[in-house]
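Can you read through this structure? Questions will come right after.
Order of writing sets the chain letters: A, B and C. Residues in each chain are counted from 1.
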Amino acid sequence: MAVAALITENFKFMSLFFKSKDVVIFNGLIALGTVAGQTAYTVFAFHCPCSSGRNYLYGLAAIGAPALVFFLVGIMMNRRTWDLLSECRLRKCQKLSGAAAFVLLQIIVGRALVAPLTWVIISFLQGHAYTCALSEFIDPGTLESFPSGQGSEVMAKFPCVESVPTSLQSFWAGIERRLKYESQLIGWLLVAGMSLTVFFMLCVKRCTSPLGDQQEEYWSLYRSHENTLLQRTASVHAQLLAAQNVKSFFGFVALEKEEKEELMEHERAN
Amino acid sequence: MAVAALITENFKFMSLFFKSKDVVIFNGLIALGTVAGQTAYTVFAFHCPCSSGRNYLYGLAAIGAPALVFFLVGIMMNRRTWDLLSECRLRKCQKLSGAAAFVLLQIIVGRALVAPLTWVIISFLQGHAYTCALSEFIDPGTLESFPSGQGSEVMAKFPCVESVPTSLQSFWAGIERRLKYESQLIGWLLVAGMSLTVFFMLCVKRCTSPLGDQQEEYWSLYRSHENTLLQRTASVHAQLLAAQNVKSFFGFVALEKEEKEELMEHERAN
Amino acid sequence: MAVAALITENFKFMSLFFKSKDVVIFNGLIALGTVAGQTAYTVFAFHCPCSSGRNYLYGLAAIGAPALVFFLVGIMMNRRTWDLLSECRLRKCQKLSGAAAFVLLQIIVGRALVAPLTWVIISFLQGHAYTCALSEFIDPGTLESFPSGQGSEVMAKFPCVESVPTSLQSFWAGIERRLKYESQLIGWLLVAGMSLTVFFMLCVKRCTSPLGDQQEEYWSLYRSHENTLLQRTASVHAQLLAAQNVKSFFGFVALEKEEKEELMEHERAN
């Protein structure tokens, strides 16, 4: 009886759970995310080639290519890029002083650098790529009681420890510790450097602004309101124009009731 | 009794569950997706033939055929393709300068290339197809202490490592690492190249446009509004014409109430 | 029966819990947090390099870099920082006495210190970093029956106990106990010191204030109300201005009905 009651309640709970609509969307997102994550994990997995010369190239490609993609996407998504470009194209940059252009470029590049730098930092903190790429550059002489006469070809094979001669396999733990230490240290230094840079950039930005703190806030409020109203008004204006053109072609135009009222009102105001 | 109660509650739960409509659609999608995914996994699974000459052909087919399908679907789904075609058919391309035709073709091909390129890149990053296709072209002389006198027939058998003579099976790990390295390197280079190309195309498109940034946005708003209104008005216009023709045949026409009101209104406006 | 009733109630509670919509967002946050936490755990894991000289540097970086980030973020998030900066920039700090500036700086730094100090205290109470960093500075002479003639290179290897000569491995338990004791003792002293400092700071702040307890409360109430009203009014003012500017560009402005009424009312009051 106890088990039956338990399961009964369980089903009641689940029925309640699935009634709300948002949860369905949420579950779909979770499911999609899981599948995408799994696929990404197997597709983008890091497989060290364990061969002198190739290790370095592979590590560079596996860190650099996604970082490049993140950087370019960051530049493309920023509207200021295209603002600056159209400004320079249409008016030959006449209204743009050298200092202003420099500041704008700095802002665009700075924003676009956040994502790739995060990717590089995470890669360094994980240490897989660095360990693979630099194992061949370790000088065997710095390892205690390491047999001499081993070239970089053998050192490059260490990340795939099974393919190293058995007599040398015990050295891998020490080598891995040293490489991982270097990788994580670089990662932490990048973290510290990045946060210091962001801090100083913010200070400089605030110091060179002609506005006070409250004025800066009012200005950002105004810009957001202006942007919203401009886009909304432009959309209504374009719809008005399109309705006129379609009307002159078909003799009438099929508008929804609310659209008609809205357009009427603005036409009158016009 | 306990079991009966359990099943009763189960049915109650399921009836509650299926009452809400959105959940049913969602569940259907999940079920369909699971079945489709499972089927796709077994149908499209990559089985290397492990035979000289066939490996290459099989890898090419498994990557090329889906890519071709994606490319053709991309071209077919693009309305500009048919716009360009009908333009050239009806007016002998008189209104189309050479440069404009070139740009249009470039846009059509460029959009259609995104899906197949993504497919090719994922295949290269996974590396199954490349490993299978190119294992026979590896020169045994480049492998350390590999017995000489082995032809490409033996090299082609390596992807199915069980069918290789036992004395050679230990070489597979190194060969697989090398092939996977090449495959993933090509994949990452393609990723970098693709993102650079997209970036430069966008730059060129923006630079050759006679409109500024805000104007470009207004123009895209206008086009979207015009498209919506044109399609809606064309549909109403066609219904009006069809209603007149059916009326002239039967003496009356059976319209739904909303349709009647809508058509009345537009007829009057006409 | 008792257990069944308990579980039944549990489910009833959970069904109630999941009815509210915010819970979905909450669940999403929980899920995201779990995934992010898991990833962070593997990425930020502490791997002692076990090498003399490197241990100390690595422990310092792994504790110091996140603490620095927390400190800078704490300073950047504080509005008083930018208030003070713009005050000093625009009016050359004329309205700011030395004592007031000192107090303001103290408040800013004090608030920004909470997060990094918490991080440092947690690190000390866990003891991984301290154990790794300071094992090489232990004097072998203080360990009972420890073979003499071992340098700091050997002592540094103790945190990775597998790489220490087998005859010395039994000493690790004692060394680890001693280092963990020191680390946790420092952690607890920091906790005590921090809470005492906060307490005395609060006392000093109350003692130097010219207001009584109830007056202080009224003053904080007033400030919160003023802040709310100022921000709301600034937003409406900015919207009014933006509407005027957009109107002068397009000839009309597309406002929502409530916005229009609100702006009308304020314009009239203006």
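The rule we apply is simple: a contact is a pair of C-beta atoms (placed from the backbone, for glycine too) under 8 Å apart; a residue touches a chain by one contact, two chains touch by 3 or more.
These numbers come from a predicted model, not from an experiment.
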Graph class of chain-chain contacts, one of line, ring, star, complete, other: line
Angle of the C-alpha superposing rotation, subunit A to subunit C, to the nearest 5 degrees: 30
Centroid distance [mean C-alpha coordinates] between subunit C and subunit A, Å: 24
Interchain centroid distance [CA atoms averaged], subunit B/subunit C, Å: 45
Shared-contact residues (touching 2 or more other chains) in subunit A: 1, 3, 12, 234-235, 237
Subunit A-touching residues of subunit B, taken from the complex the two chains share: 2-3, 5-6, 9-10, 12-13, 16-17, 20, 22-23, 26, 29-30, 122, 125-127, 173-174, 177-178, 180-181, 184-185, 188-189, 191-192, 195-196, 198-199, 202-203, 206-207, 209, 211-213, 216-218, 221-222, 225-226, 229-230, 232-237, 262, 266, 269-270
Residue numbers on subunit A that touch subunit B, as the complex places them: 1, 3-4, 7-8, 11-12, 14-15, 18-19, 21, 24, 27-28, 31, 42-44, 47-51, 54, 57-58, 61-62, 64-66, 68-69, 72-73, 75-76, 79, 82-83, 85-87, 89-90, 160, 162-163, 234-235, 237-239, 241-243, 245-246, 249-255
